[in-house]
Amino acid sequence: MTELLRLTGLKVHFPIRHGVGESFFGRPSRVVRAVDGVDLTIEKGEILALVGESGSGKTTTGRVIVKLTRQTAGSMTFEGQDVSRLWGTRRLRDYRRKVQLIFQDPYETLDPKHTIGSFVAEPLVVNHLGGSAAEREKIVVEALEAAGLRPGAAFARRYPHELSGGQRQRVVIAGALVLGPELVVADEPVSMLDVSIRTELLRLMLDLRTERSLTYLFITHDLSLAWVIADRVAVMYLGKIMEIGPANTVISAARHPYTQALISVAPSPEPPEPGARAKRTILVGETPDGSAIPTGCRFRTRCPVAFDRCAVEEPPLIDLGNGHAAACWLAENGAAAIGPAAALTAEAPAAR
Amino acid sequence: MTEPVTVASRRQWPLPRLADPAAPLLEVRNLKTHFRLEHGWLQAVDGVSFRLEDGEALGLAGESGCGKTTTALSLVKLLPENARIREGSIELFGIDLVPKAERAMQRYRWREISIVFQGAMNAFNPVRRVRDQIAEPIRYRLGQSETIAKARAVELLDLVGIPKKRADAYPHELSGGMRQRAMIAMALACDPAIVIGDEPTTALDVMVQAQVLQLLEQLRMDLGLSLILITHDLSVIAETCDRVLVMYAGRVAEEGPVSRVFTAPRHPYTRKLLGAFPSIHADRRTLEIIPGQPPDLTAPPPGCRFAPRCAFAMPVCTEVVPPEVRFADGVRVACHLFPTSDVQTVSVAPVAPAPPLAPPPSAPA
Amino acid sequence: MTAPVVPMSVGAAVRPVGGVGAFFKKLVRRRNGLVGLIILGTFTFLALVPDLLVGPLQTAVTAAGPRLGPPTAAYPFGTDELGRSVLNLTVHATRISMVIGLLATIITVGVGAVLGIVSGYVGGRLDGILMRVADFFLVLPTFVLAIILTAIIRDVLGTGSREIAGIRLSLLVIVIVIGITSWSSTARIIRAQTLSLRELAFIDRARVIGASSGHIMWRHILPNVVNLIVANAVLTFAGAILTETTLSFVGLGDPFQPSWGQLLDAARTVGAPSLGAWWYFLPAGTAVVMVVFAFTLLGAALDDILNPKLGTRR
């Protein structure tokens, strides 16, 4: 396993501006700390799931990786080279070929005025790749068929509104493939799709990983989905990673109270058995605003097991062995401190 | 809950004049709602029947385009211009709503059947206080004074977990979860007989979703709400509903108690749908795939509409519309796999494990 | 910042519609496009060779007809208060009105669209500066500017009937004045639309695949604001013809050549409406309406062609 991408101390702070005049003269008065110190490595060939609720900074992290958003601090290396300060269309050309993005909304990603073929060919055109128009068309048809749209030539002539949601997302995937990327950042790629179509797309993504030795960063709010597809899972909360590790370990032996709570409310089509509801940990309140992150541990305001130390000192990611780490003071003293859900079952407070 | 609450005893406002107290709360029979398109009729809902008892929660499950939302909107006749209810009856307290004119429907909309929409932001007017918007139906539908209406609105907000001091907030000042709570308060404003939730938690985060579902559960216990929940998310139905109605391509595939349908699905579509649902309690990468696409509802296939995608399809499936078969445990299924004759004795085979989604990757070091 | 326009070859390589010829064919295949083209073609013909149809421009000296005479065989559109043929005047007015309308529209829409797209897409400080400039021109009073500019330009280039590129100087002043005072509202509208387009995923996607800003503005933003540009062009054209009327009225027009605006103004001054001399104002009024109508039809056809959703339905 070799390292493909590494984020070190990544921070993205967005200024909040007020009023029209200030957009010209003003200085930002407050900042939203969307990503607030993320360290992460992505290994070649793996599927890493970045899980978090809205406001967790998972999408912003993905956007930094595909160079759509500038980081405020921290560095990023790709294949051992520092790419943090790489900007501008020309200088990014090589990087862009290797790192591609699959978007959440297949309805918004396809420009309604362009054909499917033109969408898939565009990466080649703007990068002056693929040779003549005929050669380019061949690559486009191949990519469409690799994404399961057969016959590719017929799909290439169609317009986005003629396709179903699942087909559109296949087009988006084909468009990400033509440059032959190594890392694909998939931002909620199936969350807009129906359950039955989801599975097909997940399988497609898994097949493509094997065929084209891809690496995925799979961004999702759905822990179950992460469990189904990922090799490793990282759980984010308010701009920081709370827990990271092999999918099996994180799901079956979660050590962070936030991960444990997420697991306890994870959607499941099995009707709850009598008494099972009490075992769930429904956290009180909602994720605080990124401009008002609590001191100490950022999760402590909603944590059912928070204690004095959490308010003063922010826990680092504590290594638990086998690539498993959790940012919780209770994880420090070994597994006995909190068993999954054991300390949490008492807390099933009425939502308020 | 010590003694059962009945519609009449629970309600603050009298039943409609023509109401039959002995009739079931809601009885839908052979509902056919079609959309007129340029090239014909789109059979969005085509022969759906179900019943909702007082205090019950029914889940309408299915994928996009299966007709679950059209079914729900038909109940209050809030349909797009080109839609027609071409057949069937919708009886609320024994009163058929289908022949009612637009003006007569006003009596039932929101007062008897209210809706919690998916996007709570769009359902509120951004420049008016939440409390005033909730007071509105109380004033105009129930003819209460402004003072009473506003006081009631604050009570309702408190009931759904929005503190009194936030009652005069504007919609944008509330978070997504809070707005969905306010939307629920608005739906409860006129003390309706039925609340319809149209994907009420879909846009929310998992944790907030759990909070809202918990609230709905609590409201059901406290107020004896009758609920129709429309969602593609089977876990929401598993969580909140007593019975589930699985729809496919405008028809009922399977209906029955949640505990039966979700643990021992009979219709091949229900089995596939459940198998396609990712769950951290199940094995990894064993998700089901349903090959193909839903049929074109302007020219649906004759016979069973699921037949073209069904692994168990027989010659008869493509020719004859499967009749609904009712089982002893309260489940009804529309599938030729279950012949009408041996209804009572049929034993349900356990769901075959799904093929793995992909071979397990070489374990990451 | 790269230039907002990339070489056509890059765009053409993935362009779904063919070249100009194919585009023209698509335009003609649509009834609204065809009718619009026919009307505009007719007026363009009138503007190019008016003498061929109605002879040279009649003046007070060459006028031979009755005063304010109703339509007759000799004077199909009647005559004005000096005895000139209204048909003759209207046809000759076509050139001035069309030239003013077209030039003013090109300046307004061209400048407005380019600045609007760049300002909206690039954003930041450039956006702030451009929009402040736009605001300045937005509040500038047309008349005051016209009077000052006319004075300045005449002073610099000399008075009289000098021509620049075949256009009389006073006409050029009118065109410039209309252009300067109306580009900013177009720019504001286009910018607003660009701002909302910029947030859409397909723009992000274009950036991720390595497209330059110029490519994105040309290939993704422009096609999605074309309908706005066309709608604005139609309004600007109509507005320009009317502005020319007003400017002529305060003595800033070109007294040597009639325009539709001047004809309407003359008709009003004489009191043609109250005298029942409908033939005096009807031809010029109809001409204005027809040209604006033709532009509207072309605009709708253009939108059809560029909007694939509408295109496949017919």
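Order as written gives the chain letters A, B and C; numbering starts at 1 within each chain.
Keep this in mind: a contact is a pair of C-beta atoms (placed from the backbone, for glycine too) under 8 Å apart; a residue touches a chain by one contact, two chains touch by 3 or more.
Because the structure is a prediction, the values reported are computed rather than measured.
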item: Contact-graph separation of subunit A and subunit C, given in steps at minimum; value: 1
item: Farthest chain relative to subunit C (centres taken as mean CA coordinates); value: B
item: Identity of the most central chain, Cα criterion; value: A
item: Length of the line joining the C-alpha centres of subunit A and subunit C, rounded to whole Å; value: 50
item: Centre-of-Cα separation between subunit B and subunit A, whole angstrom; value: 31
item: Subunit B-subunit C separation of Cα centroids, rounded to whole Å; value: 55
item: Contacts with 2+ other chains: residues of subunit B; value: none
item: Complex interface listing, subunit C residues touching subunit A; value: 2, 10, 13-16, 125, 128, 132, 200-202, 204-213, 215, 219-220, 223-224, 306-309, 312
item: Parts of subunit A lying in touch with subunit C, wherever the complex brings them together; value: 23-24, 66-68, 89, 92-93, 96-97, 100-101, 103-105, 108-115, 117-118, 121-123, 125-127, 133, 136, 159, 161-162, 172, 175, 179
item: Residue ranges of subunit B in contact with subunit A within the complex; value: 63-64, 161, 175-178, 205-212, 214-215, 218, 232-239, 258-259, 262-263, 272-274, 276-281, 284-285, 287-290, 293, 357-358, 361, 364-365
item: Interfacial residue positions of subunit A with respect to subunit B in the complex; value: 1, 43, 45-47, 53-54, 164-166, 194-196, 198-200, 202-203, 206-207, 209-210, 221-225, 227-229, 231-232, 246-247, 251, 261-263, 265-272, 280, 282-283, 286-287, 350-352
